[in-house]
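In what follows, structures are represented as structure tokens.
Paired with subunit B in one complex and with subunit C in the other, subunit A is shared by the two complexes that follow.
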Partner chain A sequence: MRLFLYEMKKIFSWKLILLVLLVNLLMFKVLLEFDLEYFPNGRPAGDDFKIEQHIISKYGATMDEEEFLDLQATYEEEVAKADAFLANDPKAIAVEMDSYENFRDFDYGNEEKMAYHDEMFFNSEEDFPWVLQAYEGYLERYQHKEKALVANMKGATPAQKKRYEQLLEEEKFAVYTDTVTSNFKSYKTSMAIVIFLSVAILISPIFLRDVNAGVVPLQYSSKKGRSVYRTKWLAGLVSSILIASILLILYMTLYATNDTSSHFDLPLYTFGWDYFWYDITFLQYITLSIAVIFGMSVLLSILTMAISSLVPNTIVLIAVQIVIMFVMIAGGATVIINNLINIWYAQAFVPSVLTIFAVVTILVAGFVWRREGKRDIA
Partner chain B sequence: MSRKGDRVYITWLEMRKVLLSPVFLILLLLMIGFNLFSIWSDSYNREELQVVNKIIETYGPSFNDDILQTMERDINQLVIELGGTSTQAFLEEMTYEIYDHASSEEQHQIDHISLLYTYVQAAKELEARYTAIDIAKLKQDFLNAQTMPSWLEQKMANEFDNWHARFDEIVETNEYKQWFFLGEYGMHSKLFRSHMKTLAFEGVLIIALLTALIANYEFEHRTQLVTYATKKGRKLIWYKGFASLVCSLMVIAVLFGVTLGTYFTVYDYSTMWQIDISSGMNWEYTFPYITWWSISLWQYLLLAVVILTFVLIIVMLLTFTISVFVKNSYFTWLLSVLLLLAMYVMPTYFPNSTLQWMMHYNVTLLLLNPHQFFNGGTSFMMMQYHEFSTLLLWLLIASAGTIGAIRHFNVKDVV
Partner chain C sequence: MLKLENIGKNYGDFTALTNIHLQFDNGIYGLLAPNGAGKTTLIKMLVTLAAPTTGTIFYNDQPIATLGEKYREQIGYLPQHFGYYKHHSPKQYLRYLAALKGMDKRVVEERIDEVLECVALADVKNKKMRKFSGGMIQRVGIAQALLSDPKVLILDEPTAGLDPKERARFRHLLTELGRDKTILLSTHVVSDIESIANEIVMLKNKELLYKANPATICHTLDGKIFETAMSFHAFNDFRKDYLTLAEKQETGQMLVRFFTEQTPKSDWKQVSPQLEDVFLVAYADEQKG
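What follows is the complex of A and B.
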């Protein structure tokens, strides 16, 4: 146990902690900050988000005819407000846009009308152009709820088609926008990249450190002998679990500031645009994503430890890690984490890749364990 | 052995550490493999792009109203050969069924006509589109968007005035009326943004690594007490520096040479070397590339490679400096890569415009934006001579750092 703690101390040396901190500070600015600072990102995403926060509590995951009429009533109230504004705005009257209907369905060729229309959208304090457009989105989505699914079936693989048909049959339609889910998708991908980098930087030197210091022959010929390797390995595993947990908690706490809890209980199919293989809720989806990032980080640390004991020197270690990190970022984060249960990839794709990753890692680690037990140390 | 031979021999011994270790060869091959794959995998439109070469061969590198008229007549001739009357009507009536029933030779001809027509249309619309660019408004927007101290505001206003003059010159001399791949293909971005940037990244990773290897070698292999105590002794650090430099240049030559060589075999630029980057056809996003000088494609390519080479040498010198103080290649490599990342991130931490302006003199921006070299535009980075000032500044900093590090090395404990 004492040895274990000593090894932990070596892994969490102040220099490495500072380095990991620096990496996180810089990468936070490059990757993560955007999805926190700019959520919801401008218009109409901001309007969608505001409306959704309001109507989700009223309508829930599905929308029936009655709820639709209620939404339409709300919309018409807002239209009445817009009508009142436009009817009293001399500029609107001048270009014959004195009601919302005239404002919305105008002649695009008319430059004066176009100018007023743009002015209202982009340079005015009035919210109604965006808000009403957002409402219309929800109304249209309900009216054409089957169409979206049917349109997706074109060019779909048989398995995807079956899934769309299932959604159609069970009347699981998209009600809301993907403002919240697409933000989370982007955020979790960035989070995975930062955590993978942190784990790799922290764990990489674990075995090479002692080789470079020339103390391995001493350790292996001591009373404790080669089981020192196992102690170090365990310390590495615990450290990676620690760092991955700390960073996940930190970044998910920051994510909480996006205030998306209103959407937590909605099943994924209500968000539209993206479709998924399973009908889990958004909160379950978040949990699944965190679990996969965590699992991949632990696997990465096991792989890293194997590499650390196989490579002859730091240069080879870095070179191998450049390649591994490329695969982990370009493949692991941006493909696997980003598209966990997304319908664009075959249902078995992500689980198979993860299984292969796990099996390869465990095989390599097992090989290195056995090798460590009997290799020459001189 | 002569003294000169001695020097060469020792430098060679230092270089051997890189050149004969398989890890660098493998890493280099993987990077080149990745580059070649990404070049090949999106080269589906290479045949289509050939049409520019044909246009330039027949009608010359630049165009004017007369040439466009001639071209329209020639295209119409082709249409008549295929039994049509007017080009526009011919192309509008070209449905999928008609196209499908034509012989493959005719199909080829139809494609050719439609491409030529697209280019001619774009060329005809160019003048109105190009002269509509309002630099005075860009200037006003920029000055309004930032709160700057008066000297900086004056300086930026001057920059914009100079740029405006240059823009007027381009319009006056018709420099923008040159053939280039249509902006829709994004060929400038493909070459200088995607591939050049990737090359620069790869260069940084591998050069920082080889410098860390050579510079830290004695400490990592615990030979420092022997090597630095010999007659040659601490002078060895000079050889290490020189060996790192030569190895870096070799890596750059191979990495850039093979990748760009492949790029230009895949895409045919044969008639385009003399075309200016400021060509209005080269209009990809909101603005075309309005360069500070008239720079032709071959000059731009050469200058871009030279600039990136200098940046990579700066990276090598900075890594070398760090390694003397850190003595551990793991930390050396990470710190020098993070230093570059920090240069990119730092400006965003400072909202103050003077600091912002100062921090735009940073080599990471050069690494990330080879497609914007020598371009005027609406940011601090687009100032005239920005590339030269940045390189000069950082060459000075990096050289001073290296010399300081070597001096430090000469007196410190080697244990």
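What follows is the complex of A and C.
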């Protein structure tokens, strides 16, 4: 235990902690902050999100005819408010846009009307142009609920087509926008990048540090002998679990400020644009994403430890880690994490890649373990 | 008791050591050979950093490979290149090594103070080793080898970097420790061991050349070491024909110490062989390159 704590202490050296903090701060500013500060990102996303927070509690994951009529009634109430405003606005009257119908379906070639229309959208404190546009989106999505699924079937693989047909058959249509899911996808991809980088930085020197300091002969000839190697692995594993957990907790706590809990119980098919292989809820999707990021971080730490044990010097370590980090960011985070159960990739793609990653990592680690047990120490 | 039976070590096609039979009891053993003769390879096998290709090493009649940590807890080892963490103080580093050695936490602090006192580093025990001289680092190395009060001390080039005063202190320390420990001291500096070693082990051509006390080894050259005086001009020719061991200028002439198996000439004075002579004669061909 004493030795394990010493090894942990070596991993969490103040220099590395500082570096990890610096990288996190930098990456937070560059990547993560945007998805927190600009969520929902402008209009109409902001209006969509506000409406969804209101209507999810009323309609749930699906919308039936009665709910549609209720939504339409709400829309018409909003239209009536807009009509009242426009009928009393001299500028609207001047350009003959004295009702919402006239405001919406106007002659785009008319410069005066266009100017008023733009002013209302972009330079006015009135919300109705955006709010009503958002409501229209929900109404149209219901009225043409099969359209997106049917359109996606064109050019789809047989497996994708089967999934779309299943959704059609089970009447699992998109009711809401992808404002929340696309934000989370972007956020979790950035989060994975930062966590992968942090794990790599912290774990990379684990074995090379002692080789460079020339202390391996003392370690292996001591009473503990080559079991020190196992202790270092254990310390590395615990450290990576610790850092991945801390960062996941930290970043998910920050994500909580986006206040998307209203969407947690919705199944993924109800969000527009993206389709998924499984009908899990948004909260389950978040949990799955966290679990995969965590699992990949642990696998990365094992691979990193194996590399740290194999490379002859720091320059080679950095070179190899740059390649691995490129694969982890471009492939692991941007493809795997971002498209976890997305229908755009074959159903078996992500599980296969993750399985290959795990098997390769375990094989490399196994080879390094066996080698370390019997190799002559220079 | 440490016993080596038919020890050999190959690295691929290269044979580093072959057919080594040795036995070490309590006392000081000097492992003497030029650089590259296999001293470090032998030591690495003794401290389990390398496995012999042939043969077995026994500690108290049991193979060290079987004994594992029970053997390793009996040894104190100073590698040829002593590694350390620059940002550690001697005390911090020895605490870490004490954990590696599985020492009882309750005795560690006291023992660290003792060994640092022993190597005259007590006053800098909390200073970062980053600023230490080579000699100070080497003394930390010696301290760590002594830390667990091991039964077997294996020291690879322990006097490297030590000044004459420190070397003398070190020899004195070893003489004290050698009473109830097995000490194997590898060096290519003859003066380090000739006065303190109970036995000298010499390796040549990957094999054991001698294992005997210094006097016995020196006797192998009885009647073969001479001194003579000659002019500088004559010395240049002389050394083409004879293996010269030492020379110094004296009253405008060269006083030469040399080895020969020829019948002595009248102006040659036979002298007692020293360990240094044995070393130079034994490895004369290697030194010529």
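Points to keep in mind about this one:
The definition used in the following text is that the second predicted complex is superposed on the first by the 378 of 378 C-alpha atoms of A that agree within 3 Å, B and C clash if a C-alpha of one lies under 4 Å from a C-alpha of the other, contacts with A are read in each partner's own complex, and residues count from 1 in each chain.
We take it that contacts are C-beta pairs under 8 Å (C-beta built on N, C-alpha and C of every residue); 3 or more make two chains touch, one makes a residue touch a chain.
All values reported here derive from a predicted model rather than from experimental measurement.
Steric overlap between subunit B and subunit C is absent once the structures are superposed on subunit A; the two fit side by side. When both complexes are overlaid on chain A, the residue A:N313 reaches subunit B alone and has no touch with subunit C.
By the document's definition of touching, of the two partners only subunit C reaches A:K374; subunit B does not. Touch criterion met: A:G214 reaches subunit B and subunit C at once.
After overlaying the two complexes on the shared chain, residue contacts for A:K224 are found with subunit C alone; subunit B is out of touch.
Between subunit B and subunit C, the smallest C-alpha to C-alpha distance in the superposed model amounts to 6 Å. Once the two complexes are overlaid on chain A, the subunit A residues touched by subunit B in the first and by subunit C in the second are 214. Against subunit A, in their complex, subunit B makes its touches with residues 21, 23-24, 26-27, 30, 205, 209, 212-213, 220, 222, 328-331, 333-335, 338, 341-342, 344-345, 348-349. By the touch rule above, subunit A contacts subunit B in their complex via residues 15, 19, 22-23, 26-27, 29-30, 201, 204-205, 212, 214, 313-319, 322-323. Touching subunit C in their complex are the following residues of subunit A: 2-3, 6, 210, 213-225, 227-228, 374, 376-377. Interface of subunit C with subunit A (complex): residues 11, 44, 47-51, 68-69, 72-73, 75, 77, 79, 81-86, 96-97, 99-102, 105, 144, 148.
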